[in-house]
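Same chain, two partners: chain A is paired with chain B first, then with chain C.
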Partner chain A sequence: MKIQLEALLGLLALSHSVVADGPASNHSHSINEDVFENATAYPYEETLDITPLPRNNLLISFNFNIASEYINVSESKSHHQYRAFPRSLAPILESTDTRELHLRFGQGWWDSEEWGQLPYSGEHSGGVGVEVWSVIEAAGREQSFEKWTSLVNSLSGLFCASLNFIDSSKTTYPVRSFKPENNITLFDDRNELHLIRAALASEPVCTENLTPFVKFLPGRGKSGLSSLLDGHRVFESEWHKMSIDIETRCDGELCRYVMSQKIDAVIDIPRAIRTKKNPIPKPVSGNELNCDLDKPNDAFECFPLGDSNKLDFTLSDLLHRSILGGSKFSEKPAKVCAHVTDNWDTYLKVDGNYFGTPSNCFDVTGDDVYDLYFQTGDSTNVQSIKDVPIFVSRSLTGYGQDKGGSRTVFNNPLNEPVRLLYFESLPWFMRVYLHTVSVSGGGANELVKSVYYSPEVDRERPTHIEFELIIPANSTIALSYSFDKSLLLYSEYPPDANHGFSVEPGVVNVLEPVKYSLRTSSALLTLPTPDFSMPYNVIILSSTIMALAFGTLFNLLVKRLVTEEEADLVIEVSGPKAAIQKLKSKISVLKKSSPLTSKDSN
Partner chain B sequence: MNEEVERPAVLDKAERVKQIIHSETRESLSTRRYVVLSILALYFLIGFPLWMKLTEIYRAPLPSNFINMLQANQNIDLKIHREVFVKINDGLYFPDLAESTQIQIDHEIFKMNQDPNEQLIVDWNVTLRFDEPGPDDYILELEIGDGEGIAVDPSTRLTVLYYTLSSIKNNDLPYFITQTVLYHIFNSELEFFKIKNQQKNNKAINYSPKVHLSFKLLTGDGDLVDWKINEALDIFFQPIVETFQNYVNFTIDSEIKYFTELNLVNSSNAITLKDLSTIVDFSEWDISSNNFNYPTLNFVLYYPSKSVSPLNFEFDSSKNAFLFPQWGSLILQKESLKPNSVLNEHELRPIFEKFTSELITLLGLPKHPKTLQIRLDAIKVYSIFTNLIRGTDSLSSLLKLSKSLPNMSIPKTVLKNVQNALKARENTIKSANYDKDWDRALIESNKMLEYSELAFFDREMVQQSFFPQEHKVAVYLPLLGPLSIVCFLGIFRIISEIKLFRYARP
Partner chain C sequence: MLVSFSSIIRLLCAFLFLSPALALENESGDSDPRHTNNWAVLVSTSRFWFNYRHMANVLSMYRTVKRLGIPDSQIILMLSDDVACNSRNLFPGSVFNNQDRAIDLYGESIEVDYRGNEVTVENFIRLLTDRWGPDHPRSKRLLTDENSNIFIYMTGHGGNEFLKFQDAEEISAWDIADAFEQMHEKKRYNEIFFMIDTCQANTMYTKFYSPNILACGSSEFEESSYSHHSDVEIGVAVIDRFTYYNLEFSEKIERNSTLTLQDLFDFYTFDKIHSHAGVRTDLYNRDPSKVLITDFFGNVQSAVADEIEDDILYLLNHKEEEEETSNTASNTTTSSDNVTRVKNVDSSTINQYGANVINIKDTPTENNYAKYIVLASLGAIFLKTILK
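Up next, the complex of A and B:
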């Protein structure tokens, strides 16, 4: 029954993409079940959705879905067969009993007011940095944490990310957020499932994280849509997110991993074309300047206009690469869809020929080199953006180095109340006072429906807060609390301690009226930092004082006591003055005697 | 004129100064001297050692004598005494067979040890027993046959020695038994222990109770291919996995990888043996290092891409299988695979036969005798021996390291690991020498190796986060400098005073 439903959903999703009514609709999770009957094709599919956004931006969304072979859980496994599913990943999941794994890498800022909803309703967009959560099957919490540590350490090596820095002080066990969508079967009935999560906000996501990501695909970046992925181009974008979601799907005793890999990026089209023309930025020559002719304009004066609304570019202009043939690994051809309005022309370019379809969706097959061509006279005319159910912004307040505050503002632009879960995991050196939590604005009481709070334990556990909030229609409320900053141990400070400490983004999951998920920006917390030469200074200063005291004491004990008169007399005779006097008299004696001797010799 | 007036005044003053200096009582003088001496004593006897002690780095006391002794006399306490149960099937009774054979065997081993080429590096011996054997014991059956000869059972540790009545008459039976035992049953084992064979076998991996086998089908281009790996493994590999059970546990996986290109020179299809190491580029193939903490052996079946097929082997093309020491094996195919082809069990048979024989080489198994059990026993016993040697090596390297870096801290965990390693070594010896429980000895010797490596690669020690001696002196210089200057100036003054007084007081 479930399989039927899934297939039906898949069909629906497919029909949607043909009609091309938006980027978010074309992400079917279903993988054709029939594929398994064929000995050589893989349960794999890849799609690329291209959506122009206002202000000459372009959202590109890659989506790769793959499933592993079925494994019989009850049988003792003699050996594991991996075909298209990455062998580097599966054993890690197996050895740590990970039933679900979600990884998010991201940088940049999504402009919700201009661009509308995040792709896939924010379901696959993490916050800034790296975020990972997983469902682990284990007998108890301690065992699950052990497995979690081993999991993140292995992933750290695999993705070249500093996931190995995840320890118990960064790990939370979410209560209501991050709930897995599907039921997960236990492989062993004595065990239980543990949902564990951690995030590293200060992780710089870069090309080295993309390389392993691409290597997971059967085409390994050498064929199919993944051949478009160039680290330099993807990471030069305004906003980019990379996600991996692995779930264990079971059909009775037979289980398999289903993995979905996604890359979304917002590219500034004029800038991307500019960098293609001039890899080294140079000033534009005078006659190429686009001047405002209504204003004073001569050889020395020019008021430049904004970027032109006329666009004419190919996908390879933006990504510097072309599609090297279709995917041979799946039965379904690789699909590229452009979600554009009528005044955009979109063509598939093969061998210098251009092809267009009414739906602007193209199947990519065979060994040819493909490119996509876009042309429009008015780039502001894009598909209507989807309204965002909530705007959230978080900031740190207060001054000084000992305490501070946090203020999160929720703005509901809708005409109906929004019910949401707000999740925050704060580092242990932020000592939150729960009694200072206050909600202002909105006019109504009982905005906070429920609170889960697990206080920090120094160096062992972060503060973990989950609020269930109701934001009334068309209103803005602010959630604020204050905290103390604690001092770290000398060796706990990082090398760039004065840069500040990242506080990971808060997670907002809208439950009603629509399902939507977003992250706030990360915050930078400045902690009191000591002068790092302090211990040496203390040693040196106290040593000097001790030496001074010792010197005085020593002289008191060792030197002989005489009266001042006597001392003066001794100095007069044997002190430095007397010595100089002696020297002088000796010289004068020499002077006197020398002419005499010379006379004698004559 | 003036000079005459002044001089007596100066003299007078000098006289008075002398007087002042000499007016000090003897007691006061000696008190001052004692004060200086006691401060100096305090400085050197208490202050300096205290400073050294307080700024010292913790160095756990390692049992260096014992480890050095072990390193110097390797495996002096290990006795490998095998047992063979002799069964006489024909109801004949040889009253002195046991004794005379044992004498011959002992003599043969003694002779071996005298010969510098044949010398054994461990106390090895074999005892004949005539009582009832257990199920896993070595059995030598004596049977009357048409002529002298031996028959080896390929699946159990049973050897049958055929003799004739004339050999009894000539009293050759003890000689036959000795020959059979030493040069047939335990030949491989003895070869392992001979001094001349101690060069390290570079092909084989170091013994580990768990080994991961990874089978890979690689193709140069992206056309779909598949292989019946599950079936092939069940047919060709499962029997081996079962026989190896007690010695090593295998975990197996397989994968298919596309777009793995050869690094061909000048884009020609020619492959020479010389260039093979550059043509086969594992990093480009992205054969991910495994996440297991035990060794992995890779078995790669490679098909080139269409663009370079057929490959032009500039060597005997039937020898297209290559063994990579301690890494695995690669079979390079000449022709590319047709798109959508599936390699079935029959096509995989020769490939898996090759892989099987390479696996045995990679595990370091001897070639003789035919019985796999006996070969496994030989490598098992030899593994115990090498584990102990490697463990001892690690421990003595640890000692060397700690000696060469006197500023390095040696945490307590290192000491604990060293102690555990020595304890495991003791247990190995106990199980090997007294219980003759080789499986247990193997486990214990692995433990010894593990602990000794844990001790050597201790995180705190390897991090090298220790201050050099100069650093310590630099930080404490503001204390040590003034103190030393004050003290030494004090001594200097006292010495000059002594001189002054010697001249002044006759």
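Up next, the complex of A and C:
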């Protein structure tokens, strides 16, 4: 082990440029190469990129790439061998003829004004909740939907997510958005390809979704970079996204799956360090307060300063874990890169020693425990953020339980027009009025380039809108429409109906001047919700009415209406007075006959 | 194929578990047919953050059965709400059942089978009786047989002969009793140990009428079950008393424990639980003082001799031969058919549904614009009718 370590140190110290730049350039090339010469090397590689963001935030991006073995698709063979590629996933893809699968899990809010563009130009960041789309080969649309249902049900078991709730009322067939980048091979040219998509905005993302994600990796989270992945830390971040993209790449009739798994998280550095010391946010004691000395400052008075710009932390401070050695399966050493400016010092910490490279990229090999150390005097000095081509925000307007509206504001900060595709899939209980669609601001002409609209069908399919818009330079436009809210059937309301219904995020795909993709936030729609205690109230009220009706009817049938005189007469004969009279007379009769018998008894 | 697979598992079980099973046989001294696999169905039925303790209850039992060796594939965990990653949770990704916060129940590799709105009465009954659509994934099914011992644990808010699900619907004692009878008819269990922690819990097992069911509950008719204690930082009660003392007892248990169910039942006292825990043994033909706790909580199994086993090797070989012949047969037919079938498709041609994308070329005035939208809607409606 020591020898390995020394070898590594030598590598780090002497051949900087090789470590730093060499492997990165043929990165994408090598995964397509045949790597089966080395028995332990799988077609697998992993990288970790760490980028400080303004305001003491840190973006951590894990990237795992796996490829399966080649399969000759013209031979029907029921058994395939899987080495690195997860064995639980491939049969699902095969049985449903899925040529491409894209899964997105995410929570949190990306502050694009502060942090700039989303990682990977937003290509791997879905909306809030769960989003899935796939390209399925099928003979027709109906068959493709059957396969899609089968696919999402299988995935729900695999990913511990309620993907089985995806039915036709949540499924869309995108026309222009979500188009695959590469050409796709049909395994049977009598079939056609179908692009199908659905999203569940109210789905929570938690440890049980991370578990299968990590289990797909050859290291199972026990070694390599995936040993850093701890649900507790990932889900305490400001923003986190998990994505899985599987594509079928073919060379003639030889095809294989290529999978890319990504986890991105933004961590608030001071908060993460604070929660490591004490997970419970308690007031800082007086002597630990960082007071502003320019202002009045004594034992009773203190104007606390914000978080310090001087940072000094290790990766294990933030993630509470260290890297447990390099990946034993990957064809190349696991790579960790810090994307920092010159006034940050970044070192790889091994066995109490610190090592640096000019490029701030490190190869992780062997069995040692690794950590990354960061230090800076000014954390505001970070690599320049990439400008966002468009800011989009969507909100629901209106009030009441009857109708409402939606307003999406596009703000183009650039000096050139932005061409984009706006995709929305709205639940069927939002009945959109197409005639109310209006675009305002920015000189409103020539803004809408094309419109695709597929109206909802109750309980069968959602409203599907795709607009191609051009947002003029430095301007803001608003797209708005109004809709009716419909009543659901009693059994269709979820247990927490009063919480509202999630409307999935709108999808913005910028086509020009740069390729960029983003999601709006999801919206919470309040529907007219019945009072669920109503049935009980109805039962109680109707019982009361029935009792009243029955009482009157019963009285009418059984009782007789008589005059006072008649009543007197009756009372004389059968009333209480007459009864007493009768009793008295009976007693007197008894008295007359009783003295003898009573004496006898005594 | 399936037959041979299950037989292999049985054979494996025979090798792996024969020796401990024999040892247990001697200790318990019971000659009843023993089980060969253990399953656990753990259900929390309450929604909302303030019912944190029900999630903690069920996760505590999950931890216990997992610790004692039941694999995740044989545990069906139904978790009715997400408390671990709830924004109210001060400890994201963690659920604690004690204010000392020593054990994180959510851990690092939890697998939840049914979560949130999936936890319904319908799904629970379907799970027990195994009636699902063709697409239902295997990991979400209770794949038991006549040699399975099933531990069923439920917790939530209940009353006389009912248990509330998600604060929206109820399951009645009769529903569960009938589901168990169906399971019995379909030979889906060897023995069931039913445990329930809710108000008036003992009323829930009064309607059972199928054999080999042992039941226990936390409180009797017209009696409430109580929570144990609260955590000030989490802000809600973290566990119920009955479950707390079940755990206190089961924490002492290891896989080779010789403690019996009677020891567990004797552990329930009014002083601890503050309600009268009940046990129903009349449907169960074994003496709880001779039944090991690990018969239900753990994965300690014995092997059952099967007549087919003699033929397993023959069957396996035969099967493979058969498959090979069928494969070669299908290969010859399909390969000639399929060689030219592979085709590269330009991805821009996917989902092109005719002319229903309306392109707007000239400068539209306000009126024109409305016209186009009307056109678009007309087009869409036209297409819709055509598609129908």
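Simple rule for what comes next: the second predicted complex is superposed on the first by the 524 of 602 C-alpha atoms of A that agree within 3 Å, B and C clash if a C-alpha of one lies under 4 Å from a C-alpha of the other, contacts with A are read in each partner's own complex, and residues count from 1 in each chain.
Here is the rule we use: a residue touches a chain if its C-beta (ideal position, glycine included) is under 8 Å from a C-beta of that chain, and two chains touch if they have at least 3 such contacts.
Here the structure is a predicted model, which is why all the values come from computation and not from measurement.
When chain B and chain C are set side by side, the one touching more residues of chain A is C.
Look at A:S154: by the touch rule set out above, it reaches both chain B and chain C. In the superposed pair of complexes, A:S450 makes contact with chain C only, with no contact to chain B.
Of the two partner chains placed by the overlay, neither chain B nor chain C lies in contact with A:L489.
Of the two partner chains, chain C is the only one that A:H232 touches; chain B does not reach it.
Once the two complexes are laid over each other on the shared chain, residue contacts for A:L590 go to neither chain B nor chain C. Contact with neither chain B nor chain C is seen for A:A299 once the two complexes are overlaid on the shared chain.
Residues 78, 154, 157-158, 215 of chain A lie in contact with chain B in one complex and with chain C in the other. Interface residues of chain C, counted against chain A in their complex, comprise 47-48, 82, 84-86, 90-94, 104, 106-113, 115-118, 133-140, 166-168, 233, 323, 327, 330-331, 334-335, 338-353, 356-360, 363-364, 369-370, 372-374, 376-377, 380-381, 384. On the side of chain A, the complex with chain B involves touching residues 39-42, 78-84, 87-88, 91-92, 95, 154, 157-158, 215, 218-220, 222-223, 325, 328-329, 536, 539-541, 543-544, 546-548, 550-551, 554-555, 557-560, 562, 566, 569-570, 572-574. Interface of chain A with chain C (complex): residues 73-78, 107, 135, 149-150, 153-154, 156-158, 160-162, 164-165, 173-176, 179-190, 193-195, 203-208, 211-212, 214-215, 221, 230-236, 250, 252-253, 279-281, 434-435, 437, 439, 445-446, 448-455, 457, 466, 494-496, 532. The touching residues of chain B, counted against chain A in their complex, run 13-14, 16-17, 20-21, 24, 28, 32, 35-36, 39, 214, 222-226, 229-230, 233-234, 238, 241, 251-259, 286, 288, 290-292, 339-340, 342, 475-476, 478-483, 486-487, 490, 493-494.
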